[in-house]
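Read through the structures below before going on.
Common to both upcoming complexes is chain A, partnered first by chain B, then by chain C.
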Partner chain A sequence: MKEHLEQCMQAIVDGDSPKAAELAKASLDKGYPVLEVIEKGFARGIREVGRLWEEGELFLPELVIGAEAMKKAMEVLRPALEAGEAAEKLGRVVIGTIEGDIHDIGKTLVATMLSANGFEVTDLGADVPVKRFVDEAEKTGADWIAVSALLTTTMPGQKRVIDELASRSLRGKIRVMVGGAPCSKEWAAEIGADGYAGDAVAAVALARQKTA
Partner chain B sequence: MKPFLESLGERVLLFDGGMGSMLIAAGLGEGEAPDVWNITRPDVLMGVHKAFLDAGADVIQTNTFGATPVKLAASSRGAPPDAAKVNEAGATLARTAIREFGFGDRWLAGDIGPTGEFFPPMGVLTEARAFEAFRIQAEALENGVVDIFLIETMYDIREAVAAVRAVREVSVKPVVCELTMERKKRGYFTIVGDTPARAAEELPAAGADMIGANCSMASAEMIDLASEMRALTKTPLLFQPNAGRPEMVSGKAVYRQTPEEFAAEVMKIVEAGAEAVGGCCGTTPEFIRALRAKLDAWR
Partner chain C sequence: MAVILGMKPVVLEGFSVEPEQRELVKLLGERHVRVGEEDPGDAKAAKIKEAIAKALADARSLIEPKGIYEIVTGGEIEGPPGFAELERVAICICTIGMALEETVKAAIGAGRMLEGIALDAVGSAAAEAVARYMNDRIDETAAAEGLRTSCRASPGYGDWDVGGQRRLFDLLPAERIGVTLTPGAMMVPRKSVSFAVHIDRNPVRLRSENSCRNCDMDTCPYRLDDE
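Coming up: the complex of A and B.
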């Protein structure tokens, strides 16, 4: 089994979707514990991809195909996970790029990595109105709203999401993380966000750390 | 006026600074496509061009960074504006500024930025779609009469090459192509992993007369990149760093670097062998003026 888990990890690092799906099926056929296959195999792979990306050893294409391979493995494993062992969802996240801003790639990357790491993600796309973030978060029972802004002119929208939560008395129940090139820890603190994530890997770490 | 490429060998040329931050200061609103101001607010653009010309820029850039039809469609709510009109208006008004304010010895660069879409595996952009978008933009800039083309902030060599080829299809004028890179442990890379070595090889092969880098980095971080690229190629080089890194203060982007600090660091890029320099985000006419003074003293 140890060797099998290594192969699972490697398929993700290599960004090999067919192989990842095949290994996921094999895990089920062999009756390996699904959670262990995910945690010690596939998820270790996606964390390794994230680490290599942060180190500057891998770039956007490798990160994307790694996350794609992870998705494929999870598609195979999820039904077994939900049927058998208590589905251990790390949390629910509603994510989008704030209204007036069409920058999509960073946000999509964060969404993909969150979902690859076991979060249930609702991606609202770009140019998302403030109310829609909060409506969707209420509807899905989200733990987090992740708001991306890539322009200094659209960043104030991130604060309006927080204001909207406050006006519905949802502050503290639904947390807010902000990201995007012009954002910073200081900006997050200034507007009262629950966290700042500078990239997709940091977003996963933040969501893991605070969703308990 | 002397041809641009001929002048390159004689003195270090100065490009202008950041357009976006100037337009925001002039009241550009949230979610508004800056390029459309070429048609709706030509008065503001004339003022910005004049300010950079007064500051001593040898080359000014049209306000058409986001004006491929692909990007305009994505950044507009409702029906997108006609890309050809936006580009031609941008070139015509900058040309008018050069003439009316008496700067006949300066060059006009038709500015071209990325489509905003990604090639696989990140997105679905194709060579043909990118080429066609850039061809439409380049043709309109040519019609508005620019002296050179400046393709900038490219993060994928495939898209940069498509842009250079598209310009070459419609014009014989000089083409400059800048990538945007970050410094990683193993060196400089674009976000998709393209290197200075690839830029030095593939961009001139596609028809670029000058290559370089802009945005993403502050002036100090760009000095080593300039040395590295100089060692890689004899192709003329242009660098346009940002004015330091922006900090958010009360919801506004503030660039803390002073024009003097910026100019001093950009001079190190000149000393590393760049044929031309200028500014990107946050570099106001004051930054260009400070650099003009240092370049004049250096010559």
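Coming up: the complex of A and C.
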């Protein structure tokens, strides 16, 4: 089994979707414990991809195909997870780009990486009104709202999401992370966000670290 | 055409551009972009190279370059520091159009992320190439009068506030090339570039030049050593 887990990890690092799906199916056929296959195999792979990306070893296309391979493996494993063992619930995230801003790709990457790492993600797309973030977070029981803003002119919308949470007395319950080119740790602190993530890998680390 | 103040805006269209290799390298990684110079390497590298090659091929029919420019005084634009006193500044807005952007959106929406980001990067590289094309035409008209141009400055980059975008759109009839501004000062289509260059015998040097060399992020994957 150890060798199998290594292969699972490698399939993600290699961004090999067919291989990842094939290994996931083989895991089920052989009756390996699904959680262990995910945690010690595939998830280890996506964390390795994240580490290499952070170190500048990998570029965006490699990060993306790693996440795509992870998604394929999870599609195969998910029914078994839901049927049997309790999946590790990392948390739920509602994500979107703030109203007035139609930049989409960076946010979609964050959503993909969060999902590949085991978070349940609701992606609201771009140009999302403040109220919609909070409505969806309430509806889905989200732990996090992730708000992207790519322009200095749309950044104030991130603060309005936090204000909206406060007005509904949800501030302590639902955390907010902000990201996007003009944002920074300082900006996150200034508006009272729970964290700043500069890229998709940082977003995963932040969500993991702070979701209890 | 003389580089004169008060000239009518010049619209250029129907030209073609090659996406800028340097921009592609920056966005997608050198080892994926330098096609044909080496063995494609492992299956992963081959898959990425194939996606980039497809994006470059698809982009040919999706890119519709257009640009508009005119000459104003530095005082007319809300430019970066130091621009207000300049006598002659060319301002330009240019675009690759909407078609590529819509294809990217469809690919990403359908979960084809690699295809989407590769085509998006090609779009960015093409928008840069359109800006360079427009810049070159401005340079030629300036050179005809023995003048030179500064590097490009763009709203939202370096020390030029993105709010300056609005003023450029007040001055240039960008609707003639199909570019509009959202209430948040964002250009639609997204793959559009707006810029200003100083025209003079001795054009100003901008603070934003050599941006990589002046940056402290030594391990940044996008760092360009020769910039």
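Definition applied: the second predicted complex is superposed on the first by the 212 of 212 C-alpha atoms of A that agree within 3 Å, B and C clash if a C-alpha of one lies under 4 Å from a C-alpha of the other, contacts with A are read in each partner's own complex, and residues count from 1 in each chain.
Note that a residue touches a chain if its C-beta (ideal position, glycine included) is under 8 Å from a C-beta of that chain, and two chains touch if they have at least 3 such contacts.
Everything numeric here is computed off the predicted structure, so don't read it as measured data.
Steric overlap between chain B and chain C is present once the structures are superposed on chain A. In the superposed model, A:G31 makes contact with neither chain B nor chain C. With both structures placed on the common chain, the touch criterion links A:G172 to neither chain B nor chain C.
By the document's definition of touching, of the two partners only chain C reaches A:D14; chain B does not. Contacts of A:F59 after superposition: both chain B and chain C are touched. Legend: residue contacts after superposition of the two complexes on their common chain; A:E186 is shown touching chain B, with no touch to chain C.
Contacts of A:T112 after superposition on the shared chain: chain C is touched, whereas chain B is not.
Of the two partner chains, chain B is the only one that A:K159 touches; chain C does not reach it. In the superposition on chain A, chain A positions 55-56, 58-62, 64-65, 68, 100-103, 105, 151-154 are in contact with chain B in one complex as well as with chain C in the other.
Within the complex, the chain C residues that touch chain A are 27-29, 31-32, 42-44, 47-48, 51-52, 104-105, 108, 111, 113-114, 116-118, 120-121, 156, 161-163, 182-186, 188, 190, 219-221. The touching residues of chain A, counted against chain C in their complex, run 14-16, 55-56, 58-62, 64-65, 67-68, 71, 100-105, 108-109, 112, 151-154. Of all the residues in chain B, the ones that touch chain A in their complex are 24, 28-31, 74-75, 77, 116, 118, 121-123, 184-186, 189-193, 246-248, 250-253. Residue ranges of chain A in contact with chain B, taken from their complex: 55-62, 64-65, 68, 99-103, 105, 127, 151-157, 159, 182-184, 186-187, 190.
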